[in-house]
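One chain, subunit A, appears in both complexes that follow, with subunit B as partner in the first and subunit C in the second.
The block that comes next holds the complex of A and B.
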């Protein structure tokens, strides 16, 4: 599965045909901006309306003469199908979470284009020594909480499936599942992981001077 | 079954089980899981979501109800999508668990098989060793097997056979020994009978001659002749005992229920030995054996004849216990006398072995009894003896079907 993601991501990157840009803000804060519109990707867009929280995990690695600096940020988008709106949460490097509500996919795309993500806060960094930065973004199809909820639900479903009668189900609800059954259910249920749906990768130049 | 066949059988089982595993897991379990997240099902659930919204629009008063349903369906859809996203991983984990269980079962079965094979090999080696000892002439061997499986049963048969061989060997030695003694007794009796008869005739003639004797010593001579006649009579009695030992008849065996036979003995001989009380412990089950009733009775009489004088002036009892086991019937005759002296025990069944004073028995009773029991294909054994009493065991083989009642 992992081996299929890499070529797919490369193809996606080629198709999108654009690269994000890095800017240095005053205070040596590295900002990621001009994000390619990966929301419109044929594999991403249908997923945005499933009702699951789609997470865009950004990771920026800046290669310097003495080593590398690693930073990142995260954007979560969840579509609310009843109200038909998008809930957006941006988690920056400072730990703050900005929440927005967007009414349509068009508005979401516009918001995405203007998004400025703080990805690295390297005070007194010698940007002049930086050669390039590698940017990857992994599209994760659901959040940790949704994964935990499904794991729990799936485990309980397996437990119910192993009970043949209503009495047994009721009794298991009181006593809990048998140790061996519990272990097996846990083993199967823990196979639910937040693997990336796909990922993108770019290599960009690091600006030497802060943007005006 | 040797190791090669075991391994071949195990391989076939493993391959067959793996095939079944593949068919069931890949074709059935996987299909059922796919059914749960089938695209058509997801499409219909999505349709149902739209329906709830439409219903809420048409029926605003019940919007809360439709929204609740909508939320429940949406939650289910989300969970199914997450499962669908992880289907390959879940399937892989499920297969790994099944494979692990299967592998554990195979390893366990293999280990158990190897262990059992190794254990059985050791046990068979022990059987081979014991059989080799038997072939070399050793008897009464012990295998030491306690299990009740095939090897255990074979070991039991070997032990029983070796015990029987040992007993037969002892019987044969005893028979040879007694036969030699019988032949000697027969010759002695024969050699003694003729001069004894001649001497008795001469004494009778002397008695006739004394009738014509007129001297004053006639009465004195007659007294001496009478005394010599009495000694010859005693010698004749000994000779008859020799003869009876030398000419023991073969038993006329008939199938008999031993309990009534012993009860009859106890009743008939109740007063035969004034200082003995005879008691019979009847068996729980019927015990039959092929016996000559009179000869068996003679054995019992001989044993009681030994017990009675051993008590001296004291009163005692003789207990007869009847029983049977896989090797036939047995009668244990126990007294509460002073026991048998240690120095006599080793040659107890040899003729002329006695602890009585000269003139009070020739020590043929136990030898005759032994011979009678051996002629029954059985045996007479000293079971135990101490200062609290003595027990003899009369052993009778299983009664053949062809023996008439």
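The block that comes next holds the complex of A and C.
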């Protein structure tokens, strides 16, 4: 079993080492394609089978001579445990949402590889001045989505935020008698894990001419 | 949330088929075929406005070692038999992660007993039973200061460490105890979460130290002599905190703390070597009551990198102590047998505090903070240098501005299992003043603090190692 997993892991590592590609479509629409197979990443794949939505937020920043153009797109994937299929929603730059269902993880991987995401519509942009583009994709698992600040209120209940300058002087220079507050702080500190928001980034060249 | 829409409704429509009565076998086959087609045509998950709503049949909790699953389910506020959107489930997982004995929580859906019903699996990771904290800070003073005695010092090296254990008591209760310092500091406390099922937080604590020498400095409004208070004998603290969550990221906090120490010395820290500024004190009491409104959207209570934290507080604080002058023979202090009247000061203060954090990149962030406080204090029977102030009413003004920069040297999903390492730089400028002035001496203080600290944190504890520059000036 171990010997069958090893080549698979190697293939995945090679896939992850790949770089996505940008293409210019007629009409000056910038397309992101040839996406590395981050779905197979050991940090990502478990989230894809929870039955809850995993979001892939793409952001593309094109550096031009005098500034930058910023665009993006979003893909949502949710596994349906009863039908054992994947529901996929792709949100493009035009605001339209395309929905698909995919029968298996293998099919999902194939679909991902052939995905063409419209990320920037810059009809009046001067592509000839574009030097390179930075591509970032943030993987937002269900349980770590933005806005999880509500868990924070109780910890503020323990720590007094406002001290006078004189009190701070003693704290920074000597061992102040804050033993109780310190133990409570430690209780908090050892109970909070920083948000593990996965992100991937690449820097790629920007094609000047539309793809044939 | 909606009540359950049972799949049996679909099954009940089958006997009404128009071609019934040709035989049991044929009818059975026909019914089975129709049921299969009907089930295949019905989506397993109800969808509203393009968003799925899941019918939760049962809730299972996995990964627990010490806490009870009932606590986790109760805190989630989810009930079997109800439909929930992903947003509602997300709120539930936040409520679970907010518990301070939970490190991480994840949700997943499994098939339930019938198509369309789900088992919600809550997987949690608990905190360690033991915790540890350590600090090591070298501070260089901008001018000689007398913090821990009458002698001038140009620098200090402060070290402290603390190790403790937490135990779960009943539902939502955590008892903790910790030992710290070579001098025998001991503390014990109890935290109750979700008090009365209202998400109220209660914390009770007691701490004691039996030996020399902890040092504190009170706000100038409370102690206009700008002194360091050195406790040379038994010190005790009782503390009570109540937290009431409000809407969103807001909460109310009530705190009461009562510090008592039996004996020690008081020394004006800006007057090193001045024997007239040194006093002996006995039965020192420092009591504080505070009510605060808090807004906090930062991503971490200790090491934030994004968000806004604000608080508006009113506090009432008293400081009382029996005092006596101290005679010095060389460096050795001896209390004067003639006691002075009991010193008593009271401070009523309103404070606004704000901190904003911005991420510069995945690893770097900057922060800007400000604090302003205004208040009124009453000072009675305070000895200062060679004067004695019977009574004075003072207006108090405090303010500070802080700029921070932080760089995560070690952090990320692949390293978070064994810890994170962060390098923090802070520059703070502070001001404190009282009016009217009380005779000669230091009636306002300015301070500049520049610090650079390495912070390591994991699920066992927090260790800080840093250097600081501290320049305190007085305006006579």
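The definition used in the following text is that the second predicted complex is superposed on the first by the 143 of 212 C-alpha atoms of A that agree within 3 Å, B and C clash if a C-alpha of one lies under 4 Å from a C-alpha of the other, contacts with A are read in each partner's own complex, and residues count from 1 in each chain.
Following the convention adopted for this analysis, a residue touches a chain if its C-beta (ideal position, glycine included) is under 8 Å from a C-beta of that chain, and two chains touch if they have at least 3 such contacts.
As the structure is a computational prediction, the values presented were derived from the model and not from experiment.
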For A:52, using the defined touch cut-off, is the partner it touches subunit B, subunit C, both, or neither? Pick first, second, both or neither.
both
When the two structures are overlaid on chain A, which partner does A:199 contact: first (subunit B), second (subunit C), both, or neither?
second
So in the superposed three-chain picture, is A:82 touching just subunit B, just subunit C, both, or none of them (first/second/both/neither)?
both
Touching A:43, do we find subunit B (first), subunit C (second), both, or neither?
second
Most subunit A residues touched (candidates subunit B, subunit C):
C
Both subunit B and subunit C touch subunit A; at which residues?
50-52, 81-82, 141-142, 149-150, 153-154, 184, 187-188, 190-193, 195, 197
Give the list of subunit B residues in touch with subunit A in this complex.
49, 53, 67, 70-71, 74, 77-79, 81-83, 85-86, 88-90, 92-94, 97
Contacting residues of subunit A [partner subunit B, same complex]:
1, 50-52, 81-82, 141-142, 146-147, 149-150, 153-154, 184, 187-188, 190-193, 195, 197
Considering the complex alone, what residue numbers of subunit A touch subunit C?
43, 49-53, 78, 80-83, 97, 141-143, 145, 148-162, 164-170, 172-177, 179-199
